[in-house]
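I've put the structures underneath this note.
Two complexes, one shared chain (chain A), two partners (chain B, chain C).
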Partner chain A sequence: MSAIAFFGAVELGLVFAFVGLGVYLSFRILDFPDLTVDGSFPLGAAVAAVALVGGVDPWLATAAAIAAGACAGLVTAFLNVRFGILHLLASILTMIALFSINLRIMGRPNVPLLNQATIITPFYDHGLAAYLVRPVFLAVLVAIVVLGLAWFLATDFGLAMRATGANPRMARAQGISTPVYIYTGMALSNGLVGLAGALFAQTNGFADVTAGVGTIVVGLAAVIVGETLFRSRRLWVVLVGVVAGSILYRIAIQLALSFDAIGLEPSDLNLATAVLVALALILPRLRKSRAAA
Partner chain B sequence: MIRVAGLTITFARGTPLEKTALDGIDLSVEAGEFVSIIGSNGAGKSTLLSALAGDFPPTSGRIFIDGVDVGRQPTARRSARVARVFQDPLAGSCGTLTIEENLALAAARGSRRGLGTALKQGRRAVFMERLKSLGLGLEGRMSDRMALLSGGQRQAIALVMATLAPSSVLLLDEHTAALDPGMAEFVTGLTRRIVEEHRLTTLMVTHSMRQALDLGTRTVMLHEGRIVLDVGGAERSRLTVEDLVAMFRRQRGKDLDDDELLIG
Partner chain C sequence: MRKLGLALAAAVVAAPALAADIKVAVTAIVEHPALDAARDGIKEGLAAEGFTDGKEIDFIYQSAQGQPATAAQIAKQFVGDAVTVIVPISTPSAQAAVAATKDIPIVFTAVTDPVAAELVPSLEAPGGNVTGISDMSPMADHVALIREITPNVKTIGVLFNPGEANSVSLVNRLKEVATAAGLAIVEAPVTKSADVQAAARGLVGKVDAMYVPTDNTVVSALEAAIAVADENDIPFYSGDTDSVKRGTLASIGFNYFDVGVETGKVVARVLKGEKPGAIDVTFASGTDLFVNKSAAEKMGVTIPESVIARANTVVE
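Moving on to the complex of A and B:
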């Protein structure tokens, strides 16, 4: 694997680290299996791309993508909290609806961002090779988000959010109005995924309506790989683990693809990811049942 | 302090499974009273407690706590006035959170949860002191996950959690029933101490006639959603467990008579 391919994998891993962190919020903190992300990722990409093409400031375009993702999360939360639709089903409904909405936003299936100024443009040409600028920029952004999340989840508000997912009955008995925290958490989670979509569009130079397929599995892979490698009860360590999981996952995929002997093609990626996540889910169970025997 | 007027709770109303769990309950509890509630299975004991906590709205009737009509308030809003310990030791705390995090959740009951650090130094010092007073050695395990503790230890912490923030009423729902005899005795003693220390107005549901008479200042017996016995003061102090069991049997016996009539 060449250095460029390696840093390309790291870069992609860092972009999807935001997805991993978002999925960690919904799946682990709120115990809310949320497939909305398959729609909010391309939504973030679409909003950012269309805004950039329309001459909007790149930071503002990225902020708009975050807001759009957050709205998608709110819709899913609303369907679940207000009408009691099963969380998984509610998120699938939003996801399906977003496919049409994303096409409406872009007006066509694909929006290229050739020669468009992005949030990364100002950082090029300062002596760092282009293939390094992007990972460094993304790493700084990821670090800020991890610090922010670690702080947030340790506040009274964040702790109440964790209780909402861990034991809603106890949470209500302690005066925690659980809907407030489900709305906030789902908005935050999908806002992060929208950010990932916006960054994906800006680092790869296009937004595509099909870019969201399998986002949830990639996010879950990051969470599960991270949790398996970084066993800790300290929250910030787990968050760092999710980021590391996302990067390691991409490097592993890149490695697998670079060995011609295995005969893997890029189109086998989804199968490989599904097998990886399934294995990661099965292994701890096997270990447990052996310990019990 | 608490006033319940004509409280009726009907489940599955309008279906073949319709069940009236509480049938026009009238009950007044003064500040500082400690009421033990007994009754056979299905008498409505736990339903009464759940209705006070806000798990479901009254079918009819009203509930006042501190003179405020709380009948339509959801659980979370009512919790500023109501502290509660569940029968299931796993229900009252979060197993995946640490002991101190669970205590921090309880300390913020009734106040606005903002973006301040949950485990402030001042709070942790209070937690440490309160855990020490339990005498279970838990003060050295504050950053352990709750899931590592035994049911009895979790119930003891649940009692501490109930007193970290001020409340008007403490509800205990058979909180020693799921514990082994030694731990049940410990938690019973702890309950007595905490209720006296904080002068809490308390309603305790129990299956144990012994506990019903040992703890508290007043005893209420429910049967088929109605209050069939309400004793306090001198009359209660003369009561023995045998008396209670006899009364209990008499209520059950009435059912048998009714059944016989039906069959006959």
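Moving on to the complex of A and C:
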């Protein structure tokens, strides 16, 4: 694997780290399996792309993408909390609706950003190669978000949110208004996913309405790989693990792309990726059980 | 964790170097017959110009398996491997390649509207490192063919995924041409392959003919729509000729293998030293007429002898 390919994988892993963190919030903290992300990821990309093409400041465009993602999360939470629609179904409804909404926002399925200034543009040409600028920039953003989340989840509000997910009945008995925390958590989760979509569009030069397919799978892979490799009771370690999981997932794909050298067909890509991720999950356990024996 | 890191680092270092100096790196967004045919055509076109895979050049191919994020990774893989030319098939793969490099020559193909996709600023002498071949369908020829084979058709139902940029351009073009010819268009949007059959059923009774543009989503589940057309005696036309072999009634178009061959020849010009920016983006040529006799029978259509006589390929 070349340096450009390796750092390309790290860069994409960092973009999808926001998806991983968002999915961690919904799936683990709130215990709310949320498929909205397959729609909120391209939603973030669409909003950012249309705003950028319309001449909006890149930071403001990115903020708008976060807000749009948060709204999508609120819709899912609303369907679930207010009308009692099963969380999985509520999120599927929002997800499929977002496909049409994303097309409306963009006015066409694909908005190119190849010639637009983005939030990363000012950081180019300061002595660092472009393929390093993007991962460094994204790493700083990810670090800020991880620190922010770790702090937030340790506040009284954050602890009440964790209680809502861990044991809603107990939480209500303690006087916690669980809907407030479900709304906030889902908005935060999908806001992060919208941010990921906005960053994907800006680092890769296009927003495409098909870009959301399988986002939930990538997010869950990051969470589970992270949790398996970074076993810890400390929340910030787990959050870092999710980021690492997201990067490892992308490195697995990048490795799988080199597998034609050992006789695999290009069509084996997804299989090879799945095997690599499975190995990453299994190997540490095998070592542990051997050490125990 | 450290051992895993070491194992990964070892794998990174161990990636083997390739034999030939000239590497032609081809990538497509997804596998389907038309895109695969384009890929094989590129290889053939290069060989015809004296660049044979395994001898003069290394022909590398990767598919993103439907994921734009993977397309971005493939583009970076190619740039990192410092390949000689990148040949992206389809719009998202081409955008990912253009975003990944401003230096390595890019020859895109099977992109319907390269200017709208911001791959090139203009079709003539686009400048920069990018050129290629557009596969805008000869829509006027299609509408003429529909009127020739089935003159009673007044309304055409079109199956397409509104999420595919190419399809939307094609359907807009179809509407212009059809309206000018006095025909009405009914849109049947499909968002995933599993919905194709339901969308086709929804057209039964509302339309006199069905049409599918070169749409990746619909074409990958084409048989589902063909079954509906056969059962209900609806003439079903396609934008690509490969689909006629699978059971649509007729099409005029380019066989994607020929589009690939044309693309391969442009790649060869780049390999011989021409600057991509100096090569005009061209529309794919080759208007092959394909008709399917057994499909016509199933759909209750009699294809006029004049059409069969001029067809390049008649599927029995």
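Please note the rule applied: the second predicted complex is superposed on the first by the 260 of 293 C-alpha atoms of A that agree within 3 Å, B and C clash if a C-alpha of one lies under 4 Å from a C-alpha of the other, contacts with A are read in each partner's own complex, and residues count from 1 in each chain.
Heads up, the rule we're going with is that contacts are C-beta pairs under 8 Å (C-beta built on N, C-alpha and C of every residue); 3 or more make two chains touch, one makes a residue touch a chain.
Keep in mind that this is a model prediction, so the values were computed, not measured.
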{"item": "First, second, both or neither for A:D125, with chain B first and chain C second", "value": "neither"}
{"item": "Dominant contact partner of chain A by residue count, chain C or chain B", "value": "C"}
{"item": "A:M1 touches, of chain B and chain C: first, second, both or neither?", "value": "second"}
{"item": "First (chain B), second (chain C), both or neither touched by A:F152", "value": "first"}
{"item": "First (chain B), second (chain C), both or neither touched by A:M170", "value": "first"}
{"item": "A:S267 touches, of chain B and chain C: first, second, both or neither?", "value": "second"}
{"item": "Chain B versus chain C as contact partner of A:R233, first or second or both or neither", "value": "first"}
{"item": "Chain B versus chain C as contact partner of A:D208, first or second or both or neither", "value": "second"}
{"item": "Contact footprint of chain A on chain B as seen in their complex", "value": "53, 74-77, 79-80, 84, 86, 91-98, 101, 104-106, 108-110, 113-119, 143, 145, 161"}
{"item": "Chain A to chain B touching residues, read off their complex", "value": "152, 154-160, 162-163, 166-167, 169-178, 233"}
{"item": "Chain C - residues contacting chain A, complex", "value": "1, 3-4, 8, 11-12, 15-16, 31, 60-63, 65-70, 72-74, 76-77, 79-82, 91-92, 95-96, 98-100, 116-119, 162-165, 167-168, 191"}
{"item": "Residues on chain A engaged by chain C in the complex (per definition of touch)", "value": "1-6, 8-9, 12, 16, 96, 99, 103, 108-110, 112-115, 131, 200, 203-206, 208-211, 213-214, 218, 229, 250-251, 253-255, 257-258, 260-261, 266-267, 269-270, 280, 283-284, 287"}
